[in-house]
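One structure is given below, represented as structure tokens, and several questions about it will come after.
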Amino acid sequence: ASGAIKIVLPEEADLLEPCMATRSNIGRIIMENVSETLTELDVRGKKGVMPRLAEKWEQNADGSWRFHLRQGVKFSDGTVFDAKDVKHSFDRVMSDKITCEAKRYFGGMTITTNVVDDNTIDIKTQPVQPILPLLMSLVTIVPESTPMQFVREPVGTGPYKLTNWTPGQQIVLETREDYWGKKPSVTKATYLFRADPSVRAAMVQTGEADLSPSISQLDATNPKTDFSYLDSETVYLRIDHNIAPLNDVRVRKALNLAIDRQAFLGTLVPEGAVLATAIVPPTTLGWNPDVKQFPHDVAAAKKLLAEAKAAGVPVETPITIIARTANFPNVTEIMEAIQAQLQEAGFKVELKFVEVAEHETYYSKPFKEGRGPQLVAAMHDNSKGDPSFSMFFKYASKGTQSGFSDPKVDDLIQRASAAVGDERARLWSQLIAYLHDDVVADVLLFHMVGFARVSEKLDFKPTIATNSMLQLSEIGIR
Amino acid sequence: MLSFIRKRSVASLISLVGLIVMVFFLSRMTGDPASLFLPVEASAEMKQQFRELHGLNDPLLVQFGRYVGDVVTGDLGESYRKARPALDVVTEAFTWTLWLALITMSLVTSAAIVVGSLAAFRSGGFFDRIASMLSLIGASVPDFWLAIVAIVLFSVNLAWLPTSGTGSVLHWILPIGVLFVRPFGIIVQVVRGSMISALSSAYVKTARAKGVRSGPIIFIHALRNAMLPVITVIGDQAASLLNGAVVVETIFGFPGVGKLMIDSILQRDFNVVLAAILVTALAIFLMNLLIDLCYALLDPRIRH
Amino acid sequence: MGRMLLADKFALVAALFLVVMVILALVGPAWLGEEAVRQNLRGRNLAPFDWSRGWIWCMGADALGRPLFARIIVATQNTLMVAAGAVVLSAAIGTFLGLMAGFSSPRISQIIMRLADVIMSFPSLLIAVIVLYLLGSSIVNLMVVLSITRIPVYLRTTRAEVLEIRERMFVQAARVMGASSNRILFRHILPIVFPTLTTLATLDFAYVMLAESALSFLGIGIQPPDITWGLMISQGRQYLTNAWWLSFWPGLAIILTTLSLNLLSNWLRIALDPVQRWRLEMKEPANG
Amino acid sequence: MAEHLLDVRNLSVEFYTASGVVKAVRNISYHLDRGETLAILGESGSGKSVSSAAIMNLIDMPPGRITSGEIFLDGEDLLTMRPDERREVNGKRIAMIFQDPLSHLNPVYTVGWQIREAMTTHGLPKDAADAQAIRLLGRVGIPDPQAAMDKYPHQFSGGQRQRVMIAMALALRPDLLIADEPTTALDVTVQADVLALLKELQREIGMGVLIITHDLGVVAEIADRVVVMEKGALVESGTVREVYKNPKHPYTRRLIAAAPGKGVMHEGETQGEVLLSVRDVCKNYGAFQALKGVSFDLMAGQTLAIVGESGSGKSTLARVLLRLDEPDSGQAIWKGRDLFQLSPREIYRLRRDLQMVFQDPTQSLNPRMTVFQLVSEAWVIHPDILPRAKWRERVAELLQQVGLSPDHMRRYPHQFSGGQRQRIAIARALALEPRLIICDEAVSALDVSVQAQVIELLDKLRRQTGISFIFIAHDLPVVRDFADQVMVMQKGRIVELGGVRQIFEAPREPYTQALLAASLDPDPDVQAAHRARRA
């Protein structure tokens, strides 16, 4: 069957700019619906990077990548898709006349694009980028005529086009007649925006909407309509290793041992959440099943603390946990509980909640001079299937959110980023184990789950990517 | 009268300018929009580039000079986040808020005046006790609580009204109903207090001696005398609605200026903040002017 | 005064309630401070009226399994401090400026009134963000923020009334006697405006407690582990449909406090008004 | 027995106060027939207003309480009527003129609106009511009635307000008119007009008039019968002639003996130093000229009476001299300085020496202060006058001097009768021991016995301390007894200024002559002769 559906989202997109589609509130609406990418990551199976606008690709001898483009594809404005559009899309992302978010995935690289013919393009990066095909799943393709400034009416090759946008009220996508691929069963999707999770849940219940990709755990009570799914968000406490007593590995271990992660599951954190041993979720390349999370062992924590104290580490110094209000569900309660658990083990812990702008000043470099020992509670999102999107920022000496500097870590990151295939996976695994067991880089907590409410008339299972991308073509209508 | 309005407008204009100057500088001391616009993983160069593009790297005074120049030509700048003129964003949202505020305040005002006056007329009586109790509860109930309960009751359980959104007349009922409660509670209390004094004055005796019915005695003789503090409070409540009924807008998905203002403050979208304040301040100044005219209309002794 | 309070049973109860609240505010943190923070994740969202676990659990437990009863009592101190501080501060400043605006030269009056306009159209959230960002978040700063935003109501109300009252004959009579402007303002005009102001102030008490909760929710108000009733309400918000008691009890505390203050202010209004005072002084009931 | 129009039987009224129950009216009975005028005479505070308020059902209950009695209007008991029946009676069949016109007029509505309402409430169409209202305003002597309709109470002089009240009461031609001191604020010519109007209506429609007054002249002029009240009780009743010629009760006798206008006139000394010299004072309200160049001199220890038409600018002159209103031009030299040029600091010092008793006593007393606070406020402001320890004693003394009792100290203004309030205002002015007191109708609300007592007190003070008075009054006999100089005003100008003897015995200007001719005599026979002469 086919028909129109309504989707209610927590946050309105303030832009529908294709090059900003990696931002979840924008991507959820246009990514692969309006704007397509050359490649696509399979999040339902294990197929890895799959073709989309590119039919196939290979690496040239000089390390650059050649993409063979699909033919007979038209943009929604009627123009034909070819290699020049890909080049233009890249130029736009990298341009300094416009601040495209996708640019951040190409940090530290110089990119040259070379149009071979209408259907072939070479992309060369310096240094060589082994996961360029994966990165291409983040670059939305726009027609060559797109100006070098943010557009509010995205033109793409996707199965849908934007037909109505009333800011503050709704965004409507409708199917295109001339789409190159399979016709989806959803003919029209109306996006609505409600900030309150219980309202979103109620809307699906009353039939005012058909799908709400995120509702509150508390409202997810109906097994027929409510599904939990592992989203790609990982909650952790970033440790600032530069300040005593956190510069002592015993203290960092003690922090980890003091927290009863298991007790959170099914209480403050949804049952289905996974205890984290890495900053990236288990579906990521190189995720290391051998790394075991720290047990909850207050006695051991106390012992480590005592040792550290004996060695002259100022363990009495109050440590501040800095968290962001409304960062994720139950953040206040979870942080209060963690505070209590740390105190139980003998830490002196203070708790400080700040709004988003202030949180940012604690989380990212440059860190404030004269700060005390701090744990910054944060949530990190990586649904891209490769750890490189996380590791550099969070752990490399130059990473903006990195709380320490370790030459071995730097080296591993560099090598893994340059490697391909099994080697790449092995190096990432090694890094993950090293960070967790030896450096004790941070206090990893949970890979969170989200809850979606799906009307019974829809055939849809949310995936790990649902947070940042919601492909309408994957939704079936019963 | 006209010269009063003229003088008042000039004075208001000056304070409007003061307000904008103040907001301009103060808001820019509260953090960097670049790090909020871009994800935490964005590189320093990207942030730098963002600042460059939006002129945030220049010294504050230069930025201010540019802003003034633009404003003089009627350009309130672009929203960083929405890539469209800030003024458009704001006027769009403000229209909704204005309607919401207008409808709510007219309902609240008429209802609160009637209930408060009747309560005062038999102060200490049964109706008074009930009205006082309810209005006080109304004034102290958290609005989000009320909003959620209303949705659960009227939309989910009874399925009488849509949960949220805009579109039909039905969509307005819950938001207005929820917004109604607190101002109603407050204004009833103020009307009641003020009316008790007015009803014990000598001119009310005169009216009774003329054989005037209770209705006109309350609503014509006493009420007008009791209105001074009441319209002040009405103004205050209206101003807080014009500044945005944040909770209600958020929960009911009402695209008003309150949510817009909160979001842009939290995201440091300065141009939108400034434009929003400009528009709402203009509305509030106008309203205060109206209130001051009302004082003079209501009480001839203040008129000179 | 005491006898007049006895005469109004409602006001008496209200006064007693407030006295109890003040006592709790003073001793609460010392008395139940420990219990209020002891967590028990397995006993989370315990329903109220479960008498098997002891009186402290009578109101149920919050999301971390802490007894709500203890938390409400411990929160009394901060709540009352912020609310009373903000209300008293704004009422005092607003009234003073309002008296000035109503009584002094047109120019000063204009300046004050336009200042009020400015504050009124300054979104309170922005004031909060600015003050708390620049000065850091603390109870005193929060009090300052909340009081700044409430000044215009008192200011405008006072001024409007002064404009009318100063035309009354007894004000002129006082002037003829040589009374200074101060004396006229504070001895003759203020007492007449006062009842209206107390009504406003009591209502503002509720307003401030709720505004504080909204700020906490946005991340710029009081934050855990400090507690206030407003914060408890905003924390209970997401459990509204599942565990109503989380925000119900603190809400009830706010309502009861406002109610008591209001009953007391209504009583005060009568007690201070010679024309009405007989209601409280009369020994036998009226037959009217 | 034919039914009386109004029949009050055994009426008693009490008030609850902090200091116990006040028995304001004790068991009084009287009756009134159609076309008849009954005057209630009596001491101020004796319950006259309260008993009439009982007829109108206007006593606040509680704190007031009618403890016994019946009030019949045409045989129907007013006290047991349903509220809606009462409403039909009030205004239509019984109308009332209140003692205190400013506070009884709604300050926020035009007088036209208020008069019209009296009629539209009882079913008259609006335009008919308008026409009638304008006619009535004209009848009571308001200049330019058409324009007056759109003015607010505060824009009228005291006497004009009272006339507005009268017009309002007469609007529906009631069967019974209760007039509480209807002419106290009126100058004698207007008073004569108003009384004539009442009589005319009485003739036309057989209206019964219950008039409360302390002016024996008014009684002689208009009343058929009279009852006398003292301390809440009815002490004497009879026809006017009987009571005047042959009073039985000692209080009545005292009252009649105290009637003013029989004493020796002052010699109008014009020597002595000039205390205040007023030159060419002008004052405009918008386009309206309230004062058009007023000049006079006042000697120390002298009493200058200002008489004249109501609305002629007397109160305005007083307000201007006290700097309550700023004059548009002119000078007032006081101790060598121009009053109008003084700085605020200097005005403060001036205030001690220059005091005023306002025309409207209710409004000039702060309702939230006790009598003690009201009187002692003078010493709070000017602390050098009296040490705090002596305040209580001195307040008691002052209250006694103006004929109140010391235990009134703890009461609030609303608990007093109109005349009592006026005496509080006088006591307050005296507390400052000033050099000049401007009395704006200061004794007009007092019954003659108290009036005599107060005048005597003022006169004694004048002789002993050399204090001066500007004495604004309508009551010519009082002026005759008290003043040294008399100034006659009309339409913002001084018509005539001279010694009291000259003015009363040889008035030069026609207006002065008309004024004197309209003056009423307390003796009913004399007054009857006057009437006959006029007719």
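Letters are used for the chains, namely A, B, C and D, taken in the order the chains are written, and counting of residues starts over at 1 for each.
To be clear about the criterion, a residue touches a chain if its C-beta (ideal position, glycine included) is under 8 Å from a C-beta of that chain, and two chains touch if they have at least 3 such contacts.
Because the structure is predicted, anything quoted here is derived from the model rather than measured.
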item: Touching chain A and also chain D, the following chains; value: B, C
item: Chain-chain pair with the highest tally of contacting C-beta pairs; value: B-C
item: Chain A and chain C: spacing of chain centres that average the CA atoms, whole Å; value: 45
item: Distance from chain D to chain B - Cα centre to Cα centre, in angstrom; value: 50
item: Chain B-chain C separation of Cα centroids, rounded to whole Å; value: 21
item: Euclidean distance of C-alpha centroids - chain A vs chain B, Å; value: 39
item: Residues of chain A whose C-beta touches two or more other chains; value: 198, 355-358
item: Chain B: positions in contact with at least two other chains; value: 30-31, 148, 152, 200, 266, 299, 301
item: Contacts with two or more other chains, residues of chain D listed in rising order; value: 154
item: Pairs of chains satisfying the touch condition; value: A-B, A-C, B-C, B-D, C-D
item: Contact set on chain B toward chain A in their complex; value: 30-32, 35-44, 46, 49-50, 52-53, 79, 81-84, 89, 92-93, 96, 148, 151-152, 155-156, 159, 162-166, 250-253, 255, 259-260, 266-268
item: Chain A - residues contacting chain C, complex; value: 197-198, 216, 218-219, 263-264, 267-268, 324-326, 329-330, 332-333, 335-337, 339-340, 351-358
item: Residues of chain D touching chain C in the complex; value: 16-18, 61-63, 65, 102, 154, 322, 324, 347-352, 354-356, 358, 360, 363-368, 370, 377-378, 380-382, 412-415, 425, 428, 432
item: Complex interface listing, chain B residues touching chain C; value: 11-12, 14-15, 18-19, 22-23, 26-27, 29-31, 124, 132-133, 136-137, 139-145, 148-149, 152, 182, 185-186, 189-190, 193-194, 196-197, 200, 228-229, 231-233, 235-236, 239, 243-244, 246-247, 261-262, 265-266, 273, 276-277, 280-281, 284-285, 288, 291, 295, 299, 301-302
item: Touching residues on chain C, where the partner in the complex is chain D; value: 167-170, 172-180, 183, 187-188, 191-192, 272-275, 277-279, 281-283, 286-288
